[in-house]
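Multiple structures are listed underneath, in structure tokens.
Each of the two complexes below includes chain A, the first together with chain B, the second together with chain C.
Presenting the complex of A and B:
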């Protein structure tokens, strides 16, 4: 019965040019945005792969040199775009895409895609997930309102209730209609398009498919809540104007204002230190170019470490000092930069917790986490690249330390050593590894879904002919 | 209907509108959002200003430490305090040039900066200037939480550009359709007022209440955020004029939609569609189109080119330096010393060559960026929300144009430092080689660390910034006038039956 009613409601909805047109317009924007970002990502990933291969060739073919010079030469590592980045680029456009893995420095990731964006590009950068979380509420509320308002205006609701159809059936059918229409037009095409795109590009593996399903589930749950609220509010308000005002207000509050307000509140509650002060702190604790006085202290440590009294008794004192400084810097980077990134993650967790105030925030945080485009995933790349850098530099320094070199003596090595360093590869972390940051958002989404269901049941119970 | 009758109708509408709780609820929410937006931006800019101060202090401390080291290294070599390596020695002009010349180019915020965050959350306000960084500075940035950047900042400009129209349209839709939804339109139509006068009076009444409240709220918000209102009266007035013009633009849209005398539902639907088209649809389409027509040069390919050029230069290092020295009358006779030059002195010849080879790519990137900014400026005349955001950022000093100017000035500043330091470094090539066993800890071929000039950003005259904003305001006023005229012209008869 409910399916027949839903089918009927869908037919009525399709006859409403305004509501159907709005749905189609948003669906087109979502697809346009998906195609634009997906194309850009393919181009960018191809560039990254080509240049990464060139970097490897340069590394192996750098010729004979001092291993520490090789560690300075090192490589650039490139971050591949997450498989679902065309659906939800999350933080991707605002984080660097490459990092130089040189000795002594844990460099910043450079070249953020939106770094030099014009105002048009920044305002016009709207990903499918942003369009869905930001504007689907408006469209869904309008559809829900239209479905209820039409029945009210025509008096068909009264007739239906008088025809022994259970109110729960009517309300359920209306909510199902709104959910089916929104999911069918706003979610399914872009999800199917994404699957096809990834399949053709050879990026559709088990983890990606699972992420895709979870992403679709997150958005479908969001739609279900919106449909329930839209129908419940339209039914419960005393008149259509009040219902419309309430729904419009909910959209402004949930989707337009609160996400940005919450982001500002998170910044205020857990402020980040400035990059400049972080860099300054690192430069003071682990300078890349140390003073002569620091040299003296380093030498004392080395003598103690080697258990000798003269620098001449250390096989390669220069390299040993470089290694000492390098390993000290690792501790400094972990403490200062690690702490800084930890604070960024704490900000994101707090933002996800704001999902209990707005379902849009819950959907945004959950979507980026599932798509693998939130900061937690980005940090995983940073950490992975840093581990590679440390291994590379340590290996180069170890080779130097293993060969005697004093005064003007220099130990050099060649591609036999360089090729022992494995190629940099970043394995995409499996779904769920970094879900902890967005956990409050997932819980909030479930809570909103339950609230939506309750609202719908209450609205059905109070529906009288 | 004569003027006096219209005035009387308007006065009645004005009084009725003023009693609407909805009007005051919307105004209150808008005012609160303005205050939060301005405060939020002021907080960001406050922390950035504090970071700039810390950078200034760190530079001063670094200079003081350099001077202290220079003094200490004048001492003779003794047990436990031997000769200092050139890269640790500020009395060695080459070492000084590469390892001790480190300055900050700082972009301070303008007093009216809480008006718009603009690019201030994305573009760096501090650039580290070193002598041998190609093209002036590393393409770095101040880290802001990328989630917040992707979401966009809740600043005053956001509240004006996005929320103000939503609030206004809500008022127009609900207050302008009351009679239709209550089936009272027949009664109104039976009066002597024409539909054009009646709708115009209602819309004008809403604007007459909301405009002063909005403008006062903007001033209050900026005051709460700590902007120096009295000192910046001229740009503030321009910002208020822009806001007012923007309100009249949306009023024109309201007249067009309400002219069809719809109910609240269809009116809100139409308003939402127009709002979404102007704030999301057109910018999205415009951005996609410009990216398609003029795609950005690949930053990844630039990395590749940098590495390739660096390798090429390193492989031909001595040849490049020899050629550069041969081209200089003062250095021509010293080319036999090329292989003995230290790293810093070599860089003084190699970095210009690196820049020369990378210039075409860099020019492509810069050219693309400038073209995109030009397109965005022009697109602002077609997409009013974009234009108003851009104009507000210009008044606040957070626009991309000021950022470009800052970067250009930083590059010129580096050239200025080059002109002071590099001749000293390269002149050293002509000097006799130092003895292997020198008596002092430092090299002492630089008597004192140089008193290098500090970077000071030159600003565009305020009048120019205001001029840019007023040009857009004038255009928007024209557009608003045209839309209003169109809207009024379309209202010919009562549409009592839907």
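Presenting the complex of A and C:
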């Protein structure tokens, strides 16, 4: 029965031009935003693939040279767009898309998409997830208010309550109507569009499909909570004006104010050092030029490693020293950069925990995690590129150390060695590997859903004509 | 079994006794007009029968079901037409009927809905029109169709003729008679003395929450009724 009631309530909603028009306007905006970002990502990924292929050709064709020089000549690694980046770009716009992999340095990533923002993005055209988490509450509250307040003011609620049906059924049908309308217009088209887009682009594998489903579930849960709040508040307030004011206030509080306050509180509670100070710390711990004392210590370590007493007895002392310095820098990068990234992840975890204060925050954090566009996923790329860089440099150094070269002697190699280095490939991590960061957000969403259910039950219990 | 048995119900709002010891019994098919001026307690009485408010004391039994302790089951046996039948303006007559019948736990298909609307006197051309354009009389007819769809044993009408033109009021009288003919008991709360005289079997005068007089409609003429009404209110 509730489905037939919902069907009729949907007909009432569909014929209300203001509410339906608002829903359609936001739905169009979401689709337009998706198409703009998806198109840009396709172009950007094609560019990345083309440049990556050229980079590989440049690496293999760099000619004969000292392997350590080759490690400096090195290569760019490109980060592919996360599969659901067109739905939720998360931190993508603000993090680099490529990194220069060279000996001795774990470089910062370059070319943030924000630098090449499209016209739509420059005028503040948000991504689908941002539009949904930020503006869907307003529209959902509006349609919930339309369904309930009009019913009460028109007197049809009184007639409905005079029927034999339990008020819970009336309230449930209205909440279901709001949820169906919002999910059907704001979520389904963009989800179906995304699946089609990914399928046509050959990027729809099992993990991506699973991510898509989870993303839709996150947003559908968010909508369910909003529908419950919209209906419950509209029913509980003494009159329509109070209900509208309360709902508008809730939207501002949950969707606009709290995310900003939470962000500020996270910054204050878990401040990040500036990138300059991090670079300075690295430069001091792994300097480009060593002091005489450190050089002497390095030499002693090398003699011990080779079990000899004279540098001349080491086959390629220059390369061996470069390798020693390289491996020392790995420990420095792991400690300093790893610590820095750990602090960023801690910020993300704390922000996700603020999801218990605002369902919008919970939806934002969960969405970016499922879309694979949060910082945890970005760090995975950084770590993957760094592992590749270390492997490449170690291979070059190992080749040098394996050949005797003293004084002005230089060992060189050519494309036989360069082509032994596998191409850089970044497999997208499976869903769930980094869900830990956003776990508080998922828990918070569940808690909000339960709260929404309780609000509906209470509203139904107190429903009076 | 009585269609409605009210026994000594009373209710007070903040010290003001809106209904005071009202007792009333309606048999199946009986039409009872509860007369009284504004504030006499007519609508409060209907609200108590519908279970919207609980009486402070007394009992209400509808078709054998206690309306105070089992309001939902009692409402299933009751149809209610408020003073102005409110319909969803964006739904057609058929859709409104389907919607409210569904709320009453009845699933009706389109042919059945058309038949019910026709039985209630709504012209066929209005069946698929949106209710937003309906006159009060047309809305009343849809309301009656809703009551018929519910297959209720008791029909409650709150000021049913208020604002109706003579033709629409006559149509409504016909519908009430038809409902009575089907064995549905009808309780009308109204201050339209003359219209109800034609259709009611019994008349009760409610004043300050008390039933101050009760007559068989067949035994009293319109002029006497008006005099009696004014006397009772002045007392």
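Worth a mention:
The criterion applied here is as follows: the second predicted complex is superposed on the first by the 448 of 465 C-alpha atoms of A that agree within 3 Å, B and C clash if a C-alpha of one lies under 4 Å from a C-alpha of the other, contacts with A are read in each partner's own complex, and residues count from 1 in each chain.
One rule holds in what follows: a contact is a pair of C-beta atoms (placed from the backbone, for glycine too) under 8 Å apart; a residue touches a chain by one contact, two chains touch by 3 or more.
Because the structure is a prediction, the values reported are computed rather than measured.
In the superposition on chain A, A:55 makes contact with chain B only, while chain C stays out of contact range.
Of the two partner chains placed by the overlay, only chain C lies in contact with A:5; chain B stays clear of it.
Using the contact criterion defined above for the overlaid structures, shared-chain residue A:443 touches neither chain B nor chain C, since it reaches no partner.
Of the two partner chains, neither chain B nor chain C is touched by A:246.
More residues of chain A lie in contact with B than with the other chain of the pair chain B and chain C.
Touch criterion met: A:259 reaches chain B, while chain C stays clear of it. In the superposition on chain A, A:149 contacts chain B only, with no contact to chain C. Of all the residues in chain A, the ones that touch chain C in their complex are 1, 4-5, 8, 11-12, 15-16, 154-156, 158-166, 169-170, 464-465.
Listing the residues of chain B that touch chain A in their complex gives 22, 33, 36, 40, 43-44, 47-48, 50-52, 54-55, 58, 69, 80, 84-85, 87-89, 99, 118, 122-123, 126, 139-154, 158, 162-163, 166, 170, 174, 177-178, 181, 263-266, 268-269, 272-273, 276, 279-281, 283-288, 290-291, 295, 298-304, 307-308, 311, 365, 369, 372-373, 375-376, 379-380, 383, 385-386, 389-390, 393, 400, 441. The residues of chain A lying in touch with chain B in their complex are 18-19, 22, 25, 29, 32-33, 36, 40, 43-44, 47-48, 50-51, 54-55, 58, 76, 78, 89-91, 93-95, 97-98, 108, 110-126, 130-131, 135, 138, 142, 145-146, 149, 239-241, 244-245, 248, 252, 256-257, 259-261, 263-264, 266-268, 271-272, 274-278, 280, 289-292, 295-296, 340, 344, 347-348, 351, 364, 368, 374-375, 378. The residues of chain C lying in touch with chain A in their complex are 47, 50, 52, 72-73, 75-76, 78, 80, 82, 84-91, 95, 98-100, 102-105, 107, 130, 143, 146, 150.
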